[in-house]
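To start, the structure itself, in structure tokens.
Note that the chains are named A, B, C and D in the order they appear, and that numbering of residues resets to 1 at the start of each chain.
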């Protein structure tokens, strides 16, 4: 049974992902030290912390960009052994980036279609013929993508090259691309950075809708405390690469260590 | 689809081009596939000038050949095979009588095409050597000498300097690492078996601006003679490097494409004594040059800059023009018409006889060897001479007569190679005689 | 010492010298790439053009003589003067500066902020143009370049070393071309000058600032356009030096523009952005290809130098994708 | 006014993803196809077929191939000439070893052999990027040319190392050799080009094409959505080399008839094809055609005007030709950096609105 199917069979509220004692360093600089936490199926899990706390590094460990020197990552009940990022994608983990990483040479539609990559199977010969299976597959996936386009309300920019879109819409297209993969676990790296209040509200709504409508488990990094406290079920707090808090938003908000290390320091 | 939009455009655009080209008239048409640009322009310019000037001379002085004016159709190839094809296709429809492809690569391409179109090719001192076999290559001529003759000339010259015994001598061949450069290898190997010299092969990759390794090798192994099949910048660098390692220049012999003023001048005085093969005379001590000055240069009708008159490659172009005109005369004589076709031209070339009288009447007395072409021998007798560079006077001088090459060895090689070509291409050898 | 050992030393020394000649060409690439991120395909043609201009000025050739003669039916060829080499070099430099200004005005100005591939393509167009322009201006015949650089093997060295080999071993002493020694000195001088220039002059510091960070340099008021003119002019100067050195060897002719191909592997080896890289890359390539040709070459038919340099560079890149001294390519997520 | 989108609604996704969504475009496309296949062969003369159209068709195949690699997958290659040589020599060996083999099969097999060689030289692309990769592919260029020049087996031990295309037929018609009708050779090349262009279009509009473009635009993000960079890059190398190999085989067998490797498939050829795709438009099928047409036709046109029309000396004309081609490249880049394809797209958009610009 593939990891994706295994993950799919996990019950709501059961453990989907667990990281154990993760330590990661770059040439002597410690980015993460003995971090452990879990993500339950169907929840919104936030990772917060000041700049340089190791949040992005944590996401990069989860989706295979970095391989920690020490510690274990368990996904859907089995331990992972230094997989490549593209293998991770096939296991059902998708993500967005802090600095938008769209395919600038392609249209919105193509960007999101590319997100369907793991769901398309026709080989090169079939693609070359096009008529028949390849075209059918393209149309089926196109239908899925149109659903996402409708969901994100970006019908009007379907054929616009993404390079020409404003920042907020680009973020939305990137979310669309990640959603197109129908991920079981969705990693969002600062999905609301640089947005105005209205755009943030929109984005929060989309995130909650994703969780409710698709049942997707979400792990996100976000700076805006208000948003984090509103939309997440549980929160991990990192500081200088160490975990200093873990719990529901209320628990974290009242945790003295967190207040000292973090809330008192940065307000952005 | 989109391609066709482009194609359509092409046709519209090109149509304009075709309309602009000159209409064909009743002339003797001689395409000149010259290269006045690109890496070999240095050599292409004088040759093209010489060829064109001879035709101009014939028109101005004699009113054409047999009363019909000669027309040069110059087409720039830049020594590039693709452009060569374009030039061939664009000129053949104008009644072209004979092609001088001026590049081994273009010659190879044109051999089947021109044969099918019934247009003769004269690759004078280059091209496919085994085309000398007229029974297989009906339309290809490479008189008066080819590369394998050249290799033999070089060895003969070395033999003559050593009283006919070169057993155990070391000869190095420095060659352009291409089809052209590899031509003499077989012959030199055969001759080495016959005469007992050691042959070292030293390839130089195109373009040949850096030859340190090659000349260090020569310096270390101290061959008695170095033979060179070079082209373009490779010649100049090789001669310079040979001078630098103080290799005795008189033991350094280049083929006729490595023996022009261009090749030796950059090395200055150090190139003094360098030798090269040739199949025609050098210098301007011939009556034809007075005519050229009178009818062409002073009349402002010279091709190009008009500053190449008398250089080795200019003389070669001139000689090519001379041989072509003589073949036309022969063809006119055979077929009894002044306005000949390319097939008649072929007959004329096949029956060509160059005697001392003919050369004298063209003002080119003893400019080249005397020779005959025949149905089965399109290469002539393969006579050649050796010229030597005098750096002080800045002139080349012939230091030998036009002498024969070792046809026993070469004929066998020609038969072998042309038979292979005939076999590969299902060509039935013609019956001659 | 055995002759074999001495030969190897000789090959290596000559390889080093050949490497310097490659570096001379590579330097021009590096300068432009560093300051503007442009991979200047026209560098080889610039060397040819500079050398042609030098010879043309020195020998008093009339520019565009052939064209003028063809159009107006005149018959002009030369001014009939013969200028001293140094004077001609200075005039040529002026031409190269003019060239840099024109390149900036006519091409670069209009292509600011384009992708590197577009700029690369523009330099290809430039190379085409210059090929035609240079030939039209100065003619495509071979020209002898004589600015008084000595050439030929160093007899002194031969005499000194002839005794090193064992008695009766038929050793002729070590061979080094004087031209190569001059080239080495010139290259050394060039690098020192460039280093001093970039360390101690205001313009040089501005150049370095631009190389480090375009945006930041712009924000402190450095004019990018002026920098481009300067860097192209310096590259033109380097091209002139390379043109002189290579032209002294082979005469000035079209093939001179092909020396660019010899510089490319040097570039990948040394890194596109490093001046020391260009020098050391050149040395490695020079020694590497000569040694390979000397040892392995005879076994596989010789003439390996063209591809060996590239294969060496390729193998090297697999282990160090940014070249020897290139800036590390940092992949950020 | 005549070129309209209005009233041409798409009711299915299938209708929306076809190559020419506009009916007028579709009709124009079929008309041109019919013209190229049914009219052109019967009206062209030898010169147009052998000297202009055949090289254009063959080089268009090569530029399609390079465009897949460089335009779609973002890997700049300067080894095109070397890969064309692989196709040519594979073709020659197959032609002489199996004289009865159908020419179409020979050409396709030559393509597959080139694809295999391309795969091999594509491996370093995983680590080497940008201009470093471009220069590294020159290693393939120089090495392959050297190899074909050096190893006599490749040219059947002929005296000079040239290879000559023997006469071979296709459906009873000669397509190679001197006696081949230019119109037949033209149709042969046109057929191959048409099929390969359709395949290129199909590959680039689907999953594989999107994975290539994803790698080109942002390889890290591509990996995150499941694109395996090595497999994707190698597939681009293989497909691209297949096209280039086919082009090389045709270039040798149908167009030139005889080849000397260093001269025909040297570095100049590599650069020529690269110019084509950049001028035509990177990442555009149409651009591959437009670029090939430009680079093949422009010099011919200029030459015809200057030498044929104005009667200038050939050398001056050739120099000016260089200057004009170079100048045009620069001007095109300044006017429209994304090539003729983009120029064409913009023109069409304008036409859609004409004569009511708002």
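The definition used in the following text is that a contact is a pair of C-beta atoms (placed from the backbone, for glycine too) under 8 Å apart; a residue touches a chain by one contact, two chains touch by 3 or more.
Source: prediction; values computed, not measured.
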> Where each step is a move between two chains that touch, what is the least number of such steps from subunit A to subunit B?
Replying inline: 2
> Which chain has its C-alpha centroid at the greatest distance from the C-alpha centroid of subunit D?
Replying inline: A
>> Going by C-alpha centres, which chain would you call the most central?
In response: D
>> For the interfaces B-D and C-D, which has the higher count of C-beta pairs in contact?
In response: B-D
> From the C-alpha centre of subunit A to that of subunit C, how far is it in Å?
Replying inline: 51
> So how far apart, in whole Å, are subunit B and subunit D when each is placed at the average of its C-alpha atoms?
Replying inline: 35
>> As a quick test, compute the distance in whole Å between the mean CA positions of subunit C and subunit D.
In response: 33
> Using mean CA coordinates as chain centres, what's the subunit A-subunit D distance in Å?
Replying inline: 41
> Which positions in subunit D touch two or more other chains at once?
Replying inline: 146, 220, 313, 315, 318-319, 322
> Going by the touch rule set out above, which residues of subunit A reach two or more other chains?
Replying inline: 65, 97
>> Residues of subunit C that contact two or more other chains, please.
In response: 66, 135, 140, 301, 303, 306, 333
>> Which stretch or stretches of subunit C touch subunit B in the complex?
In response: 7, 10-11, 14-15, 17-18, 21, 65-66, 69, 73, 75, 77, 135, 139-142, 144-146, 151-153, 172, 175, 177, 179, 246, 249-251, 253-256, 258-259, 262, 289-290, 293-294, 297, 301-303, 305-306
> Once bound in the complex, which stretches of subunit D touch subunit C?
Replying inline: 76, 124, 127-132, 135-136, 138-139, 141-143, 145-146, 150, 220, 267, 271, 275, 278-279, 282, 312-313, 315-316, 318-330, 333-334, 337
>> So in the complex, the part of subunit C that touches subunit D is made up of which residues?
In response: 39, 66-67, 70, 106-107, 110-111, 114-118, 120-122, 124-133, 135-136, 140, 261, 264-265, 267-268, 272, 300-301, 303-304, 306-307, 310-311, 313-314, 317-318, 321-323, 329, 331, 333
>> List the residues on subunit D that touch subunit B in their complex, please.
In response: 19-20, 28-29, 32-33, 35-36, 40, 45-48, 50-53, 55-56, 60, 96, 146, 149, 156, 158-162, 164, 166-167, 177-179, 193-194, 197, 255-260, 262-264, 266, 268, 285-286, 289-290, 292-293, 297, 299-301, 303-305, 307-309, 313-315, 317-319, 322
>> Under the definition above, what is the set of subunit D residues touching subunit A in their complex?
In response: 12-14, 16-17, 199, 202-203, 205-208, 210-211, 213-214, 216-218, 220-229, 235, 239, 283
